[in-house]
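My questions all concern the structure below.
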């Protein structure tokens, strides 16, 4: 079975995340959207809420699952029999960061490969950080998050 | 009227900021240097001090005003009838960041355009962050801030 | 009068160019779309064709003119009483290149400032080079060039 | 069937290319290493030689095929029933270029997705261009090309 | 005497740092590995431990010394009669940051020059930050730190 | 003896080149400014002229020599007993290119290290290519080339 892990904090999930997973879904038997728990970074939305929104987003994509994990991403992959990590790339800055992480993951577990898709241009400026910033300042974020979810839920 | 907002934290204003505004001043009827208030980031200098220094810097540029704002920059623009945001670009890293912000602002308010000027080479290494770092370590920052102001005021 | 020159080879004009000029038009009294003649680079389309397409593209924008020039861009600006150069930025690679050109122009003529607009995300991958490449390989380029023009004209 | 096209000029194939294809091979049912014929760029090695070297390199990877094509890469994909393009990323400069190409391909054929793998660090400086340059200056290129091939063949 | 300062937080020293210093050692009469003390950033390992590890790493390189400093790096250089700062570059992101710091240092003390070596590819993904992150999550970091030291010491 | 090679085409030498060599001269016993002869790229100025200008530029720096070479730079270094290559870095784009070249040189000759200095900001936009372009269009290039030389010599 070809299983990919799509790790992130998803605080909250954006249209960019949604697009990456939906475009990659046909290539893998299963994609696990994996919410990383970071004890030192609390975030804006709690984990059950993030998970609910991800489930609503992929309700119609049968081979997408949602899980929560802590510790190293590669250890979670091994535990889930996932040989692939899936990541989106929006920009050069993303590339620099992802390059470092992917190389380290490869050094830690040689049998886990990271595949990248490029974010579609219309989503390239969207990040969870900016969505939260707009939300905190009472801006309308509906055009940046998946249609299936409501931040006011 | 062609009004531009030049937003920032200006903690403190640098020679780089000064140069951008003075070079752009002839193109606009009014430029509002807008000090963003961020409740979660206190900064080194208080807002009245930042404002005083900006006013001293542009004392001889009649179409420059100084204001303080909170909330989204585009909302402040609309409120001030400003259809333009002015920003300086120093480097690739700036470009990545500004690209994201400008695209989001455009998505939030289609009638507010962001125009960029490139920082002149001799100011390209100067940032408020580095000025503060040097100041905190008792270094001489006078060559990095506008001649009109004194950090020891 | 606030006059801007928008220089390029426009071989052919793309939707990206169109968008930059239309978004900047309200800020300037006149924008001159200036086709640079480079004796050592022949290009794919001849100059009268490029000029015709640009005129069709901006037929409904009264303050846009089209001209052809050779020599240094800053010399053409001085000759046209233009104190501004307008450029679009699509990516980091653009930034590096434009940064160098803008700095040199500033060193050559201190009274000509280059203002930048960011290309809208949906046009960020479009360049004349790629349009020509697709056209040469019989691909359909209609979604990349202004609606007003027909490459088969 | 999940078919990927790995397009390039492979003039000559490098250890970097070899590594990308071997790491991606388990994910796809078939990978077509596709040598693009560019009538305006002659290259150093002729097409039969490039093809022979690629075949030697992947002699022990049963789901890798070698083909030659001209025209647009996406048109070749459609013709081969390939819904995936595979590309390697070595650096930021690669990213900029690949980003543009991948976006254009997506705009031309929405059902062809480009997946990227990052080049392993020890191969990140290797390019066909540099290999040719060293070869032309009588340097030893054996550490940069697949073990299976001999440039002096 | 040609003295270079190699400043950093070394929390902890990595194989990347080790490689830079060992490659640069033949060029200088003395290299001072200088642990910067930052009162506002506590770090993971205490200063005596960081210092012990650096000493173990360079036990066989006679012209390398280890010191701790606070304040501006250029002030420390002057105090140590060091006319050179040595830095490693791993990536574009490093370049942007180092460019700014080096320019500021040059502006502060014109007689202190910063020389750069590029990190060898196999160490380009290694940073103290990532090493700490793996360590904190119980991953094995031995392949990322100098052979001479044990993080479990 | 610590000998460095500063390779380039110097067509023509610029103030940027001049600054790098003069800043590095105190660190090395000898710096060889090495004009690479590339049979396929003719250039604008002939080699005797380029060499004359370099000699005039460094007439007062006794440990700088000028030579012409063909073939691989590392082979020239070995032949000259030079264990160091000296290069300037102006920008991210330079970094990408230099990174690749330096890594390849290191792989070819492990005992030749490349050291980098950053170009001073006021010279960061200057390149031989742009100087030639301005010169070809009858612009004044005197502010971009060393004071000691006259392009009209």
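Going in written order, the chains are labelled A, B, C, D, E and F, and every chain counts its residues from 1.
By definition in this document, a residue touches a chain if its C-beta (ideal position, glycine included) is under 8 Å from a C-beta of that chain, and two chains touch if they have at least 3 such contacts.
Not measured: the values here are computed from a predicted model.
> Which neighbours do subunit D and subunit F have in common?
Common contact partners of subunit D and subunit F, which must touch each of the two, are C, E.
> Copies subunit B and subunit C touch; is their interface built from the same residue numbers (over half shared) or different ones?
Shared-number fraction above one half, so same.
> Compared with subunit F, which chain's mean CA position is the farthest off?
If we average the C-alpha coordinates per chain, A ends up farthest from subunit F.
> Take the average of all CA coordinates in subunit A, do the same for subunit D, and state the distance between these two points in whole angstrom.
Those two chain centres are 29 Å apart.
> So the centre of each chain is just the mean of its C-alpha atoms; given that, what is the distance between subunit D and subunit E in Å?
The computed centroid separation for subunit D versus subunit E comes out at 38 Å.
> Roughly how far is subunit A from subunit F, going centre to centre by Cα mean, in whole Å?
46
> Pull out every residue in subunit B that's touching 2 or more other chains.
If we look for residues of subunit B contacting two or more partner chains, we find 92-93, 96, 99, 103, 121, 124-125.
> Of all possible chain pairs, which ones touch?
Every pair of chains meeting the touch criterion: A-B, A-C, A-D, A-E, B-C, B-E, B-F, C-D, C-F, D-E, D-F, E-F.
> Which stretch or stretches of subunit B touch subunit A in the complex?
Contacts found on subunit B: 71-72, 75, 92-93, 96-97, 99-101, 103-104, 107-108.
> Applying the document's contact rule, which stretches of subunit B touch subunit C when the two form their complex?
Checking each residue of subunit B against subunit C gives 2, 23-24, 26-27, 83-84, 89, 92, 95-96, 98-99, 102-103, 106, 113-118, 120-121.
> Give the list of subunit B residues in touch with subunit F in this complex.
Of all residues in subunit B, those touching subunit F are 92, 121-122, 124-125.
> If you look only at subunit C, which of its residues touch subunit D in the complex?
91-93, 124-127, 130, 134, 137-140, 143-144
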